[in-house]
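Each of the two complexes below includes chain A, the first together with chain B, the second together with chain C.
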Partner chain A sequence: MSITKNAVTPSQKMAGGIAVPRMLQISALFVLFLASIPLGYLLLRAIASGFAAASAVLLREKTVSTLITTVGLAILVALFSAMIGISSAWLIQRTNLPSPGLFLVLGTLALAVPSYVSTYAWIALIPSFAGFAAAVFILSLTTAPYVLLAALASLRRIDATQEESARASGLTASQVARRVIWPQSRPAIFASLLLVMLYVLSDFGAVSLLRVDTFTRVVHTMYKATFDRSAAAVVALILVLLAAILIYVEYKARGSAVAAKSGLGSIRSATRIDLGFKKYLAASYLLIIAIASLGVPIYVLITRFVSVAAEINVSNLVSATIATVSAALSGALLAMLFAIPLGILAARYSGRLSRYAEFGILLTHALPGVVIGLALVALGSRLGFLYQSLPLLAFSYAVLFLAKAVGSIRTSIARVPRVYDDISRSLGNNNWQTIRKITIPIAAPGVITGFLLVLLTAMKELPATLMLRPTGFDTLAIEIWTQTSISQYGQAAPYALILVLVAATPTYLLSRPDRAQSSESRENMTL
Partner chain B sequence: MTSLRIDGLTVTYANRPVLNELNLHIPSGAFATVLGPSGCGKTTLLRAIAGFISPFSGTIRFGDQLVSVSSIVVPPERRKVGYVAQEGALFPHLTVAQNIAFGVSSKGDKQEIVDELLVLIGLSKLANRLPNELSGGQQTRVALARALAPEPKVMLLDEPFSALDAALRDDLRAEVSSLLKLRDTTTLMVTHDREEALVVADLVALMRHGQIVQTGSPVEVYHQPVSPEVAISTGDVLLLDSQKDDLGKINSILTPQLLNKEIIAGKLVIRPEEIRINSDGLGVKATVIDLDYYGHDAVVHLDAGGSKINVRISGDLKFKVGDQVGLEHIGPIRWFPN
Partner chain C sequence: MRKYLGLATVAALILSAAACGSENNQRVSEGESLSGTELTVYSGRSEEFIGPFFADFESATGINLNVRYGDSAELAAQLLEEGNNSPADIFISQDAGSLGAVAESGMLTTLDAEILNLAPTEYQAKSGAWVGLTARARVFAYDPVKVTELPDSIDDLLDPKWNGKIGIAPTNASFQAFVTALRQLRGEVAAESWLAGIAANNPVAYEKNSMIVEAINAGEIELGLVNHYYIYEVAEALGGEINVKNGFFAVGDPGNLINVSGAGILNTARNSAGAAELIKYLLSNESQNRFVSDTNEYSILLEVPSPQGLPTFADIGTPVVDLDALKDVRLTQEMLVRVGLL
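Right, the complex of A and B next:
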């Protein structure tokens, strides 16, 4: 007689303290171990270099100036991104701006243009385009959609009756904005700004092409120029520390942002403010932003594409696309595979292991592509057969996008409450039959969407690909990067065009105003 | 035909007993209800019977078959239990017909079984709808049909009507209980609604702190409670401070008597409908201080020498605030020492 000892709670109400099945425990721990390899290796390298050597690296003038550049860039970008994002959201949601739906799509579509593609476009247009100010410009435009989406979501959440009550009790419109709307939008906007700063910390393509020495560029240069990987590891760890601080603050802020979400029933939106003839001024403002973030890249891509159309090397284009898809596909599959035990753990169990897993996932989220690239290239060179291999590249993607993959699995599994399992069991199905007939069919759509988002993000990945790709393995991102670095702007255009087209599809689908998408799926698109 | 017998069942959660040496016997084909406040372990009891959790000790028998004894626990898929959860918990990706067919293993008469059940629950026209297109009452009906389809030996209902509005709840409850009695399915329904527990049951089990404190017919548990606490759980009561002497005479505000010596203090348990109000002032003197009028009946709040007494009368309201009346106890004497 085969006996299954079921480890489930006496009641849903008594969540917590449920025994996690052994298989799940083991696979979750195994994934956490794998995901901790890059950071662990860097720490070991840094420790091995000794305290004196590490502190020498830390106190170098270059390190200090890099820190100032990186932090300064992050703060300035957050500032401008907030200005653009909040003002656009307000104009789109709260005024009689002409065709707000179009401006929303234009505002979010900028997400589809990787920062290195828009940088390339601006350089192709203005060859002298470089430096700190240029980086602020590009990264502000690239990241403004995150703030726009966050501000828009929180504006939509605020019920009109709140504003009407405030007006009725004698507040002016601007007092309402300051005392009613802003306090409620602040947590969400604050969280989005932390994500923006995290983006700036991790960005490699734009700052490198613009020759701005932030930590990502410095780490990459140190890796290229010297074989002193220990020093590079120390610098990379500073970057991780900065990112970890942001992640931690964002994590805390997100908790309070969720708590601030209140109110039941349907929300009535506020009446739009009549801007009078100024609405054309507002439209022009949004149009200028759209031209800078979308218009210029698309114009440059198309004109350059046309100018080189005759001499396009189709076979190169095809092989680059195949390389991109194969690397991204294996990376995304691996990421989802890794995410399965962690996602189930997060959705179904609370307890010590779940908390460790959440902490581990947050930590991987704090690892920029450059850092993972550095760690794995150093490790791979010791392992020989893995050095510059496709599996190692896929592994780097899996670690890089683990947080995103776990997020999608967790939300999907959360759609299958435990009571469905119980009922399926009582109707004569064993554990595996239940997973096949209930869990998988209900969770699959969310998992597939998550997989596609990871896949598309992986296709745009640059720094880790640059450091870990097999020799001659040129993806679309690599081609754009290489051609732009040697000022072959025309040659880069076809690759960039394909990349933008591929990336634009899901962005467009998620930005459509008629789609009631959760902020989580939007969040999943970020970085 | 299967009886359900539970002996000494203990279920622990984080080393704390949720069910504590619980005993319960439900004869074959009976409709039993378990009534208890939330947190007393009702749902845990159902989950242990269904096999979703492993008990710490004790036995569960379906007829002659032992399904749970010490560490040997038959998994839920081999117990043949029907389980209807709160709010139905229909599988959202399957249609009404697919939900009902879910537990039917025989391929041949699957369609026949589903059709028959659809007729029984009156939803034949909605066979191809998805659960999110159904009302709450329809979802509960489908959940019941789904549980009935594999012809379970024991049916377990976990507050299946709690999410429905009052009028629908009464109708559906009657419908469901007659359906289950028709099929002679041994049924255990847990609820915290005392009227619900009494109205459909052949057998009522009263649960407190992880134990069954009394079982009996609805009339028995309502009229012969084993403790004041049990009396409260099945309906409104008046608990009157009273004294009993060595001859068994009981003195209280409603039963004033001169007592002999060796007096024991205790409580007299009286239902609000067991007191007659005499407008001619016969009996214990009292003043009407408030009235709650419900239409079909009414509750009269009285003051009898400083004690607050509530009396339930029929809807024909003959009193007004300030009336001087007499009170007379007309029910059985239920006395419990403190």
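Right, the complex of A and C next:
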């Protein structure tokens, strides 16, 4: 019996898909429960404020202007991010651009620079740098690597024979792009754009420094200025609603399933287009992007540092680096552990449960760190010794970045041919044995990609870290915050440089063009 | 299988490490020697400035401090969320507003008269829930080359000649405290019309006080409303002299508000005796003199001289304001939104 990937019989559909193994179901539900703690907290807080108070907050004039700013920012950033990401991917993968490997690494490394660091750098360079346009600029540069990697991976997956036969049947290059390449890249690119937009919704670093009132900044201001947690929760729920709309729209627009791969044979890559002299133009275009996203922050950090000749506190620097790495590592490990049941569920047993699960974790992904931090403060402070401990901090990272982890596990498991499962079962293995012996080993590279991505993101996290770290446990991000909060930018510079350097390691691994399987697993950062 | 086991082992290791690292939760009973006890401090004041005081306190008393540094308002929000489960013994805040918010929720204990008597009554909560530690004056920082005729009053800043030349930090707690005080002093209508006048002069908005000082130094603006110590911070951060000076308005002007940093002890403190010792230590003559010389803040104690080159409180002529009431900035924020500054 052969079951094709998305074929589900009507009776199965009614039962919510193929029968899900009990253990998987229980563990998935358990993880989902853990991940929805922040959402539950928000609902309780918002309800506590009562209907009248809630509608007073919602009907403020400010809500409308904030809505326009937030949505406008998300859309424009997605647009520019797509332009930069897709054009870079095409130039790197499909043209005779000089040293494409270098440009790939440069294009990806921007992920290693936290948005608050690059914003600080641009403000240092141009003191009047602020406002909506500046935020579009910074956030587009910060998020473009997500699109670049997604677009690149899908370009690499398209079999050259498809394009060649399309050309042979008389289609022009742009027709091939539209009819062959785009439909196959669209799901991955749309998924990455969803992540970009959710990122914009939850970003605090850039918008606060540039004084752009998105919902995340307003929530933050409300917590800080009025200590009115209920009103802030109501505003945060608007953010959740906005995220829900985006997720739904993307779900509809994405189209076909994730793992539409035409065959199991090896894929032959397409021939590169000769740009002629224009290849130098293309190279300078990519170079300008790299300078803006990577060059400026590093240049400013180094000059700030040199100009004050701040003495480097080496022991502090080392302990902060160890703190950053250990917290991010535990967080990433925990995230992967949590993501395994949800990823398997989404890839293998798609049904109502998996759809709700995906929706729930994506919603959580749009929440500002301060909301997740406070939710875990409310809960964690009742847990005695676990409160302000490394495990709880790791847990907060796992909740914050679960969407990234689940996405990568789902895509990589979806790539494991179903027929392997059937063979395994016919040999007498039960579902769990099949998952352990067949699925997990094959999906490993994708899982590692997800791990690196969570690791990298957790290293830069600030708001939840501030609230949940063990007392005296100062990560690099905390040290940067500490120094900049008393205007000691020179002293903050070494911490920022080390953070960029440390975060560059997983980023580099993500972009490494020579890694086996990486071309496929790289797409896994998207959902 | 091995992969699962590996992950599970790591998780178990992390959990057990945390269990071992859990702190000593024993409550310190009265009359016991404080040496060797633990004291958990939530400090909204930065480590750079208050860390040395803590270190000396530890060696003088033998009390071990676990200090959690953060932003005052964020720590206050965290304390409110923790409620009775808070591990904190004492909350030290950069401003009266955050202390007022925690005090209002009933989480702070009334301080002993022994402590309250150390500081002047105008710099503590009426309820006795918190006490001021240091004072800071609102000033105008200005470019001494470009600004030759100094303003006498905040009302002078409404003159069109300042169009586009003033820097403010409308999102910052210190500016909002000033506006709240202005509402208290002049009433809602007058306060709003002053804000509207400032807004009409197209001020440049910054996130932080220090950015205003940097912008004056860089020649982008000529004058800014800040706390008095930022010019020293920025000068140190930029590694030398800067072209910015502090100016005071005329005696009694609302622009001369004095705000305080302060401390309160949690109801749920396990070591309230240790916390009281810490407050007394920070209010000692020695510590107060050190605040003045190290951080250029004003001492809360009248007998300690003002920072070098700055006028005394009496000379500044501070308006009389209820610092406890500075916590409610919601109406202030709504007003700032109405006039378009937020």
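Keep in mind that, in the parts below, the second predicted complex is superposed on the first by the 298 of 527 C-alpha atoms of A that agree within 3 Å, B and C clash if a C-alpha of one lies under 4 Å from a C-alpha of the other, contacts with A are read in each partner's own complex, and residues count from 1 in each chain.
In this section, a contact is a pair of C-beta atoms (placed from the backbone, for glycine too) under 8 Å apart; a residue touches a chain by one contact, two chains touch by 3 or more.
Computed from a predicted structure; not experimentally measured.
Peer 1: If we overlay the two complexes on their shared chain A, which of chain B and chain C does A:I442 touch? Say first, second, both or neither.
Peer 2: first
Peer 1: May I ask you to decide whether A:L246 touches chain B, chain C, both, or neither, giving the answer as first, second, both or neither?
Peer 2: neither
Peer 1: Taking the superposition as given, does A:N430 touch the first partner, chain B, the second, chain C, both, or neither?
Peer 2: A:N430: touches chain B, not chain C.
Peer 1: Mind working out whether A:L106 is in touch with chain B, chain C, both or neither, as first, second, both or neither?
Peer 2: Neither chain B nor chain C is touched by A:L106.
Peer 1: May I ask you to decide whether A:K224 touches chain B, chain C, both, or neither, giving the answer as first, second, both or neither?
Peer 2: So A:K224 only meets chain C here.
Peer 1: Between chain B and chain C, pick out the one touching the greater number of residues of chain A.
Peer 2: Between chain B and chain C, the winner on chain A residue contacts is C.
Peer 1: According to the stated criteria, A:L386 is in contact with first (chain B), second (chain C), both, or neither; which is it?
Peer 2: second
Peer 1: Common interface residues of chain A with chain B and chain C?
Peer 2: 437
Peer 1: Per the contact definition, I'd like the list of chain B residues that touch chain A in the complex.
Peer 2: My answer: residues 11, 13-14, 18, 41, 43-44, 47-48, 50-54, 71-83, 85, 89, 91-93, 102-103, 105, 146-147, 149-150, 152, 156.
Peer 1: Sort out for me which residues of chain C touch chain A in the complex.
Peer 2: Touch residues, chain C against chain A: 1, 3-4, 7-8, 10-11, 14-15, 17-19, 21-23, 25, 40, 46-49, 66-71, 73-74, 76-78, 80-83, 85-87, 101, 171, 173, 176, 204-205, 207-208, 210-211, 214-215, 218, 220, 230, 233-234, 236-239, 327-330, 333, 337, 342.
Peer 1: What residues of chain A sit close enough to touch chain B in their complex?
Peer 2: 1, 3-6, 8-11, 13-14, 17, 415, 417, 419-420, 422-430, 433, 437-438, 441-442
Peer 1: Residue numbers of chain A touching chain C in their complex, please.
Peer 2: Of all residues in chain A, those touching chain C are 61-62, 123, 127-128, 208-209, 211, 213, 221, 223-229, 307-309, 330, 333-334, 336-337, 370, 374, 377-378, 381-382, 384-392, 394, 436-437, 440, 444, 466-467, 470-472, 482-483, 485-491.
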